[in-house]
Structure formats: structure tokens, C-alpha cells
């Protein structure tokens, strides 16, 4: 039995990690799909696919989660949304269940034979990546909301500076 | 003589049907071009190209319009807009006239040899797809604004639920 | 009950027309999907999507086929082939059966719930679009292999000259 | 020594021309890279790549700048921004320095070995392309802010009408 | 220290597994990058990205390789090859060395600061994915050339039938 | 009066330079359009757009051609070929004539109002870029076939080594 969870993970936080653990309690294996992998250095997608893979991998390892039970896969957003569940199947190892509280996701998976399970989420007003990015910029106490490995990684790549520059810039290279 | 009309048809309504009839009064044949065909399950583009083709086809048939005088063609939006009139010519059967009240469309066709004719539209505050989508969500009396075939079709695919979910969702898979 | 047939239709010939009739004998409606619609002015894809739509429409009309039972839809080739059956469903009106003798197509539809039916084809060595294109270039008696409407249309757009130029050219704008 | 400056140049104005001259004072050659070259007939990108090349070329010639010291190159915006500096190197002749006051640009070039120099800009509240487009629409005295060659060119293609139509239109062909 | 190896892995065989082990002898961690991830159901790329991830993951696990030292990442082929090394850096976790015997790869990485190391390969006439695909079709003794997990997986998805159909088909959906 | 010539210029040779001079004898200005600009490091397209721009610019300068009469513009190949002449108009400054001996090009421009003129070419068996690339690899006396500036440039970037590696490699990153 394999369970799927999805997110942009900008950055991966303790709410995400908690969900990984929930799934591993209920399934043999978890697939962590990183969406919008083609985007980076943007307000909502500051970190590259490679950086997000690294943050998640390091967090799982630090938590002593058995990596042989985990798949971390980056996938690009699709524009023909009606084919999205089919795209998921082509891009990911086989999965039996999707863990998501998102009605939009449920709708898109409704025609496939995939079960969608609504997990319990940690307090979402806090464990919220967009909120965490704001806290990083304002030097608020964001480190308690993410795995230590993520805090270290963001320090190493100077994530704060990147977020600051992006938030102040009016250069929006993907807009027109 | 062949006349062209274009729209997203999300959904096809009585204003659109009236325009089909106007064109068939003046021309031998009509081309109904469905634009932004690559998009679906989005706020402004909830229905797939296939669904839109089906709704239009069924509406014409129901109105006893001779389908051998009609072409229904779905076309993707282009990003290099300066080539748009040329793209239209490649994607569509030959056409002699375009029926449009849109100055932007007129500008883009200005360098081609195509005549643009401003048709009479039914009352646009009512016959307006975005307005109709709102009415569907709020169970307002939208059925009188669309062909019966469209009302039936939206019922069959549970269009109301789709519109509701999309409008409430903050998942915007094509945004970044 | 709606049946689907697919092809590049470069050009539409009597073998194709025969299949349309077979399907209309067995189903209420037929969808004629024109594949590789994004290509044109190439050796295997000389005619535009618009030209192909027009040739098919005219042929059906000439044969006194009831157009209200027919959908003619141009679709682009996909590069993520594993999602192809899902793409078909988004681009086309609902269909119940696919008429195809192609094992590759059958494989791609195997996971969907769609029936694939192997139709009877007219003699394929003759009714073969690539063969017909050769005959057009060499002024062989190709007109007997296509609907009269197609012969007229190709005459009107000077299809012979286009095929000749393409076949002699070593300009291959889509190759690299 | 070759210096690079970048912009959308919608349109090219005297602030841009001044920067060209600054760079030619400090370097042997200048590369003028026109960004978002794939867009046109849009609010922020009304003029085509070809029109922008022509305006810049004519302006340099009019100013008696030695064109053998200048490269004018149109480049498309990239969506994988992390590869942007690498893309610049593939699309442009070799360059040694980038002239830019933009922190976002500096960040994206930080990992490459390219020097970024902050030039002196003419008064930016005036010499601002978006402001100039507004002035053109309202027949304000915009001609004093652009090279004479640009004023003539915009007159010739009736740029005012294009800007007006785009600004009034709610057709946004690249939005969804 | 992290080492990178790349391949299409159609399928993953014992030569690939041997290289994983070599890298893990010399580095702390290995990144296994699956190239041409956007392709599937094609002669040279029959298996999807998801299937390839699953085969590799299962093989490593079966060999009792510590998965916390491994990254398995699928990446799309790029068309602007000059930006390829930059793309690799954005799509993958940081890496220090590339293991490759391919001069073309070495050339593309020459301008980056990345070391390229030529590994020892198992006998390449045997351990060769294209050869193995031929053996699968002809029921030759291919199982001894791949990890047991791969043999099981291909059995489960009936890989033989897929390879057969693709090899016999003249439908080439990505060609034109 | 502005004349257009097009080519891949892999590399720019004396036959190309001769054509530039012919056009400047007959027109006020010449546009040199570099096609397939998105490709590089491939057998038929080894040099990047930027490198090709630089080779052409340097050759014109060396020949004491007045650069204020020349536009050098790199353009991507298009896949919807029917829109190609329209794309040319959007990507290039206005042009009045095209200089080309290619019937395929003439066909694509036939519907536009652009004159196509067949120039005189230097002996094409010699002045042929693909032939020159072979000569570079085999150290044949290729330098006499290209402008001195091109010979110097290819020396500087070690073009010979690049061509050798590409020709020997069976890595074809854009094939599938």
C-alpha cells in the first residue's frame, strides 16, 4: 500500500513532516510529490526543485524515517488540468491513496479509481509555507516551524536574502 | 461565403446562439471557433474543449440548424499575438468575414484582408457567460439564458459542483 | 452511442469515408479526430488542420451524410504518450467506442474503460494517404481514391504543387 | 571589453539611450538585449521584437553611434529562472559586464563570474516606459522623452492607436 | 561529497547498479538522474518516469543499499543544450562530481566547476539497455542482466508486451 | 528598401558574406536572420545563437561593411509552418524583399506580399556549411572558405574539438 502527498514545499515544514509520518503509519510507503517543480526564484516558488528535494530528504533522514519507504519526486505543473490525474500516474510510482484535504484535488481525481483521504493537519495558520516565508524575511521565530535540517539548509544557501530580494523586486520574469 | 465567430463559450448561451443565426442569415456557412481550448477546470475556463464542442453541437441540433452549414472548431490561445490572424487561417477552414464587436480583434485582423463585421448582440449584461456561471453557483434562474441542450448537459456533468469547487479553491494550478 | 475514429487524413480518402459509414451504421454519432493537427507543410503532414477539416466536412456533405451525427475535431499530438487517452477525453466529446486496427492505440487505451473495435478497412495498399500523395505528385489516377469533394479542394488550393515542393526540398524546419 | 544592458524597451527612450552611451564610454562594445521578445500586443509589451529592434537601431544611427560597436539582440523570457544567466550566455555574444541597478538581476548573476555594475540612470520617474505609454495615450508631451527616431517610428505604425485599443480592451489572450 | 550518475534506465540493469555501488564507495551520497523523463511508450523510451523511479528504488532496496544515501530524480531533456549544466544544477540537489564516460557530457560540463570522473563499467556489450530490450522481446535470457526487482517489475506490468507492440508499430506519435 | 537573407550560419562563410554584399548593392539595408536559434551543440547546429551573432558581426566589421545598414537577428524555428511568414514579420524589422533560392521558402511566402528574389550564389559545393564542418574536423583547408574573423573565432572557442565530440557522440539529447 502506497500513499501520495503533494505540495510545493516552499519550504518543507513540520506540518508536512507530520503528514509524512501519518501516511507511514497507515501505508507501507509514501510518495512525496513536489509540485510546480519548473518554477523557482518567484514569490510563491522561491526554491528550485533540487533545493526542495534536498530539504525534504535531509528532513526525513534527520527524523530517522526509513528512506527506503519514501519516494521524493518533483513534478511540473500541467496546463491541461483535465489530464492531471493521468499525468500523476505517468510521473509517479504506482500509488493507492492520495492524502489531501483539497476539494479541487478530489474533483480532479474523482474519475480515476484513486481513493482520496483527508488527513489531520497540524494547525494550518501556523504551519503554512507562505506565512513562514514572511517570518523568514522579518527574522521572526520561523525556525521552530520547520525541521532543523530545513533551517540549516536555508541558512547555508542564504534563503533569507533570496526571499527579501524577490519580495522587493518588481521584476516578474514569468508575467506579461 | 463563410462567416467566423469566436468565443470561449463557458458556457454557450442564447446570445451566442442568436449570433449563429444572424451569421447563417447572411452567409452560407458559419465557423464557431472555441478559443482557449487548452484550458479547463479554471475559473474563467471551467469546461474542457470536448465539453464545449458537445454543448454547441447539441444546441445547434436542438434549434434545427442545418449542421452541414456549421463548423465547430476548438483552437488554443496563442502567445505570439502578432501571428494570431495567420494562426486562425491555419487552424480554421477558409473564412471570408469575422463577426466581432471587439476592437482588439479588429486590430489584430487589420493587416489581413479579412472583413470584420460588428453584429447585433442580445442584451450583454444578461447574456454573459461569467454572469451565467455566477448564477449557476447561486442556483439563480440561469436556465432561461442558455439553450435547453446546454442546461441538460450541465446537469448531466454536474457543472454546478465543478463551478462551486473551482470558485472556492485557492489552488490555481496555472498560476505562479 | 458514439464511435471515434482517428487519423491524420493527409488527405481524407474513400477508405476513411467508408469507415465513417460503418460507424454510423453501428452508432448514433461519429467523432472524426484529426491527429497531428499542429503540423503542416511537412512531408507526412502537408495540409493544415483547417484544410483537413474543410475536406472532411465537404466530403460528408457530398455523400449526404447527416452532419448532425458527426463531429470533426482537430487534436494536437501529445508528447507524454502515457496521458494520451486522458487527453483524448478532454479534447473530444464523450465517446463510447474507438474504431481502430492499431495495436499501439489499443495498448494506450487498455487502462481506460473504452472499447476498441477493429473495423473492416477497404484495401489498404490502395486506400493509403501516403500512396495517394505519391500519385498526386506523379499525376497518377489518384482522383478515384478520394471523395470528389477532396479532389476539387486539392485542385483549388493547388495541392499538387505543394506536395512537389515539399518532396523536393531539403528544408526540414522541424528537424534538428 | 563588452558591456550588456537589458530591458523590454516598450518603447526605447532617452534614459535607455543615455545608458548605451555610458557603456560605450567604458567598454569597447555594448550588447542591448531586448527581453520578453516573445510577447507583443499586450499592455506591458505592446510592440513586437521586430519593431523594438528597428526603433533601437534607428535611434543609435540617428545619434551617430558607431553601430559596429553595438549588438541588438532580442531574447525570450525564460520560465526556469535559475538557468537564466546560463541562457543569457547562450543567446548573446560573449559579455564581460552587466549594467543593471536591479537587485533581482544581480542575484541571478551572482553565481556566474559576471560583474554587475550599477549605472547612473536619468531621472526614472520621467524616463519610464510605462509612464511614456500613458503619455502617448493621453497625447501628453511624450516626444521629448524618446529619441526622435522612436517618435517617428511610433507615428508611422500608429502606436497611439495600438496602445489605446490594448488599454481599453478586456481581451487578455495570454491570461487564463 | 555527492556523486551524480545519469541515464535513461530503460530499463535499469546490473551495469547501472554496479555504478551506484562504485559511487557509494567513493562518495557519501549518490544522485541517480533519470533523463528523458518526459518520454514513454516510445522505442528508445518505453517506460514512464514513474515506472523507472520504481524499478530503481526497488533495486536499491533489494541490494540493501542505504536509501538515505541515494537520490533518484527524473529530469526532462532540454532543447537548449548550452544551458544543460545549469539546468542540472536547478533540478538536482547539489552535487560535487559527475560519473560519466561520455565525452559529450564532459564537454557540456567543461565550463562549470564540476569534476567529471570516468567510472569502470561492466562489459557494455552485454549490460546495454537497448540490447536488453531486444532480449526481452525475443525471450532471450535477459533476466540475468538486471536486478531481480526489475525482472519482477517488468513481469508485473507486462513489459514484454509493451516492447513488442512498440517495436512492431509504425505509429510514431512524436515524429513528424 | 530592406532585403532579408536567412540561414543557420553554422558557420557563416564567404558565400554568405558575398550574399550580404549583393543585397547591400541593391537595397539600403540588409537583415541577416539566423534560423534555428534555439539549437546548439547538435550535429547540424553546433554553435549557439550568441556565437553565430558574434561571428557574423565580426565578419561584417572586418569587411568594412557599414553596420548601420545591417540587422543581425536570431530567430527560433517554428513548428506551425503555415504561420511562418507571419512569425518572420513579428520577429524582424520591416523588410521589402527576401533573397532566397529555396522553393520551400518561396511557397511559404507566396501568400504574403513579399517579393522573393533568387540571388547568385558562390559555388555551392564548396561554400556549404556542412561541408566546411567536415573539413574543420579533418583539418582540411577550411580557412579559405570563411571570413578571417570566423576562422579566428572558431580557433578561440576551439570549434574543432566541439565538432569532433558531437560527430563521434551517440548522445542525441533532442531525439527520442
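In this document, chain identifiers A, B, C, D, E and F correspond to the written order of the chains, with residue numbering beginning at 1 in each.
The rule is simple: contacts are C-beta pairs under 8 Å (C-beta built on N, C-alpha and C of every residue); 3 or more make two chains touch, one makes a residue touch a chain.
Heads up on the chains, UniProt names are A, B, C, D, E, F = Nicotinamide-nucleotide adenylyltransferase.
Here the structure is a predicted model, which is why all the values come from computation and not from measurement.
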{"item": "Set of chains adjacent to chain A and to chain D", "value": "B, E"}
{"item": "Topological distance between chain A and chain C, in contact steps", "value": "1"}
{"item": "Chain copies touching (chain B, chain C) - same or different residues, decided at half shared", "value": "same"}
{"item": "Contact-richer chain pair (by C-beta pairs counted) among A-B and B-F", "value": "A-B"}
{"item": "Repeated interface matching A-D, over half of the contact pairs identical, chosen among B-D, A-C or B-C", "value": "B-D"}
{"item": "Chain centre separation (chain C, chain D; CA means) in Å", "value": "46"}
{"item": "Chain centre separation (chain E, chain F; CA means) in Å", "value": "37"}
{"item": "Cα-centroid distance, chain D relative to chain F, in whole angstrom", "value": "25"}
{"item": "Multi-chain contact residues (two or more partners), chain D", "value": "39-40, 42, 48, 80, 82, 89-90, 174"}
{"item": "Pairs of chains found to touch, sorted by chain label", "value": "A-B, A-C, A-D, A-E, B-C, B-D, B-F, C-E, C-F, D-E, D-F, E-F"}
{"item": "Chain A-touching residues of chain C, taken from the complex the two chains share", "value": "80, 82-83, 85-87, 89-90"}
{"item": "Complex contacts: residues of chain C adjacent to chain B", "value": "37, 40, 48-51, 53-54, 57, 60-61, 66-68, 70-74, 76, 89-94"}
{"item": "Touch list for chain E against partner chain C, complex", "value": "38-42, 48, 161-162, 165-166, 168-169, 171, 173-176"}
{"item": "Residues of chain D that touch chain A when the two form their complex", "value": "36, 39, 42, 44-45, 77-82, 84, 102-105, 107-108, 174"}
